[in-house]
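Here come two complexes built around subunit A, the first alongside subunit B, the second alongside subunit C.
Entry: the complex of A and B
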């Protein structure tokens, strides 16, 4: 069964100086799909997400979102079109409370007018959805711990009513229990019908959550398929065992 | 279950009532028959407060201007030239503010992609360019001789109330902006520009908006100041005027509404104190007279350094930290 396309990444390449971080990558995300992006450290996963949300400009290739070319747009524009997410290093507005942080997403992250007070009420709802502690709602972001900060960032992204949610290692740096809770929240988001493109380290998480997995290595896509197919793919196993494909050949 | 109303949903916007109340207490001062010198000094203090507030608004959006005097001067020269040539009173104030706002857009456009240092230097460069233009175009600006600016009001007391009104107006406008959606965007950009972009904030648009409003206010204040001083020359573009709002805001508290009031009041207090003790100092040792005019900048410098070291965010945030519960 194929669903309508939401995102299409076409022949995207990005280099930093001499280093090619993403090389000619092609893939597609269908509506309501959960796609996992995996690969060893430095494979280019974060870079790819940052190209999609327009933090970086690709050198070549195009990105289509809902049939529109977004290759020339800015971050704030694609956010308002429905792409938002969380960064690998949790980001926040440090001198604002949790509620204020999330209300920025409500106020600016989607089209339409909202008053500051309405935005704050909405922010509280979203923070509750991500199970953020009730008694930290008014705490400044700089005084939150990493797990709380990640929830604030997730709530901020959700507050923009994204059609495509980009998640970069939401469980990294969390304890086991916190990690499990984060995954539960992702399941809840999935139930709302939000499409997700997520980078994740832990294979078990990917296996349990994703409809499709894309494997990157040295900036190149080396495999794509269902979690099962990918787990049995020879190239993937090789890359995960650390034998870099170009060195061994 | 906890309801929304239980949560103290209240933006951490600088309070405005206290500053406005404080300024309101200044209302009857001219009626008490103080010397007109004292009234003049207070009027200059109001000018310091309002002008620094306009600079502080820009700082609130994360942008530092080292050449804010440019906007002051554009406002001043515009109203001076217009009023001299047309003899139409008052309208020059608005024209000065608008000319300054327009300059703010131009400078803002070159600056929105720059950060900190570079932004600061471009604004400084702009004010230096204006000095050169002012000297060259002497048929218009009076060159190095400056211009005598026609008066709008009959007495120092009138200017006192005019400047006080302008100060309350500026502070109130800034308060309304900071409390609004726009203020949240400014704060977000200042705190994390990349994240602000990723959260849907049009950073360029809001930075330009901050520049425009800040320049408009500085231009308006500069225009009124020119009429008050009855004279303008290219010193208005000088470093003294550019650093004044920086020093005042750094001491009082960058990005706070009450910061410029605290900073201006402290500077004024020190300089008046030094003036009052001058005869005593001279009595102790008459040689002091040779260096006395150097003491004020020295004391200011020491205070600036002390504040930066002891209260890096300025006096107001420092006071708040100790007077208010931690969040």
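Entry: the complex of A and C
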């Protein structure tokens, strides 16, 4: 199964002060693939996502997106090229309504001109897609709860029409039911053909969703393969899954 | 000290309060915009205001342009000076340390003041208005008013209305608001935040230039050091109105203008400047987030 390559991370290293967060990591994401990035806390998963969306600069290494070198670009540039995502702590514009928040993504996150009114319409559409409650559309983001903010954040990312969607722990902090619904929405996004690179620590989520899993530990890639292969990989079991219990979580 | 205030005195207080308020609103809105987007306090804001006044002064003398139209030239020139200042000075130190930003803007005060002294000397100047000797009589309240005062209020209303629409209704206004509310989220949503810094700084200093021009039309108050006190008051006003709040800057500016003119009428001119900081301290003690500011979550 070979599909055209969308993203290629080559020998990327990043350190903060003396601490190496990501060390010489290589991996590739093919088009329409859902790739899971797993590993224990502090393994460098979120850092890696933030290097891909250019929030951080890597120390060494290259990142190629659709065959173009993006290692020297800024966040707003790669966003317009089609890389967008959500952060672990939901980011929003507190004094704007849910619709306004999402319309920012429509207006600025993709190439081409959009009028303010068109953006508003598109924003409502995307908010409905992520099943955001109809009666909170005009609520200021600062008055939304965490689950609602997560949806707004996801809608913001989708509003930019991403080719590659980066998701950082979408289910963390959500209740069981909310988490299940979030996963359903990811399935819906996948059906649209969007490529997804997601960080997740709940193995069950990864197992059910991903085509490929990459395991990081202490900033290094220790395994890569289908969810099944990875779950049976000894190095992974030792470093991440622990004894046995997490597998069934 | 007369405690009884006649109606005409009261009207005078209100009119002068509004006039000074207009200058403060323009100055504070620009300062607020820059602070909102860049989280930098531009202490040299008053110097941009005076520089704007001098540009209008030159344009009205050498090009013979009506001073109210020279505002547009001044907006353009100071806007560009602001953009360059951001690009060349502030961008370099932004995010390195708060102290660097403060030292830089304090340094700019003296560089600009000295440059203005060289170009225009320290003489107090005024831009002469073609309507200088025209007064309007209001029958009902029995008062004569310089036409210029009315024009200044009108110009301020127009400019602030334009500014408000720009911020609230346009695409770039949305980008400005997004950047000031959450810089990193804005960046990740495709907004070029460095461009927003440049644009906001230019727009902020252009608003200051308008204030400087109007001030110099009304009073012989154009000299290189004249910007220091108004800038300090504008800073007070944005703290008063709540940092980052556009409405706060407008209401704060007018309220401050009125408080100042009342203080002059009731307590005497000596108290003009002390009142600013008395109010600031009072508000900070009672409501530390400013009148329109957010409560800490």
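Rule of thumb we're sticking to: the second predicted complex is superposed on the first by the 240 of 249 C-alpha atoms of A that agree within 3 Å, B and C clash if a C-alpha of one lies under 4 Å from a C-alpha of the other, contacts with A are read in each partner's own complex, and residues count from 1 in each chain.
As a convention for this text, a residue touches a chain if its C-beta (ideal position, glycine included) is under 8 Å from a C-beta of that chain, and two chains touch if they have at least 3 such contacts.
What you are looking at is a predicted structure, and each value in this text was computed from that prediction instead of being measured.
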Following the superposition defined at the top, how do subunit B and subunit C come out on subunit A, clash or fit?
clash
Considering only the touch criterion stated at the top, classify A:134 as touching first (subunit B), second (subunit C), both, or neither.
first
Touching partner for A:219 - first (subunit B), second (subunit C), both, neither
neither
Subunit A: partner with more touched residues, subunit B or subunit C:
B
Quick check on the superposed pair: does A:96 touch subunit B, subunit C, both, or neither? Answer first, second, both or neither.
both
Looking at A:227 after the superposition, I want to know if it touches subunit B, subunit C, both of them or none. Which is it: first, second, both, neither?
neither
Contacts of A:55 with subunit B and subunit C, given as first, second, both or neither
both
In the superposed arrangement, does A:105 touch subunit B (first), subunit C (second), both or neither?
both
Taking the superposition on A as described, I'd like to know which of subunit B and subunit C A:80 touches: first, second, both or neither.
both
Could you give the residue numbers on subunit A that contact subunit B in one complex and subunit C in the other?
53, 55, 74-76, 79-80, 84-85, 87, 91-96, 100, 103-105, 107-110, 116, 156, 160
Under the touch definition given earlier, write down the residues of subunit B that touch subunit A in their complex.
2, 4, 7-9, 11-12, 179-181, 184-185, 187-188, 191-192, 194-203, 327
Sites on subunit C touched by subunit A in the complex:
169-171, 174-175, 177-178, 181-182, 184-193, 297
Subunit A to subunit C touching residues, read off their complex:
53, 55, 74-76, 79-80, 84-85, 87, 91-96, 100, 103-105, 107-110, 116, 142, 156, 160
Which part of subunit A faces subunit B closely enough to touch in the complex?
53, 55, 74-76, 79-80, 84-85, 87, 91-97, 99-100, 103-105, 107-110, 116-117, 120-121, 124, 134, 137-140, 143, 156, 160
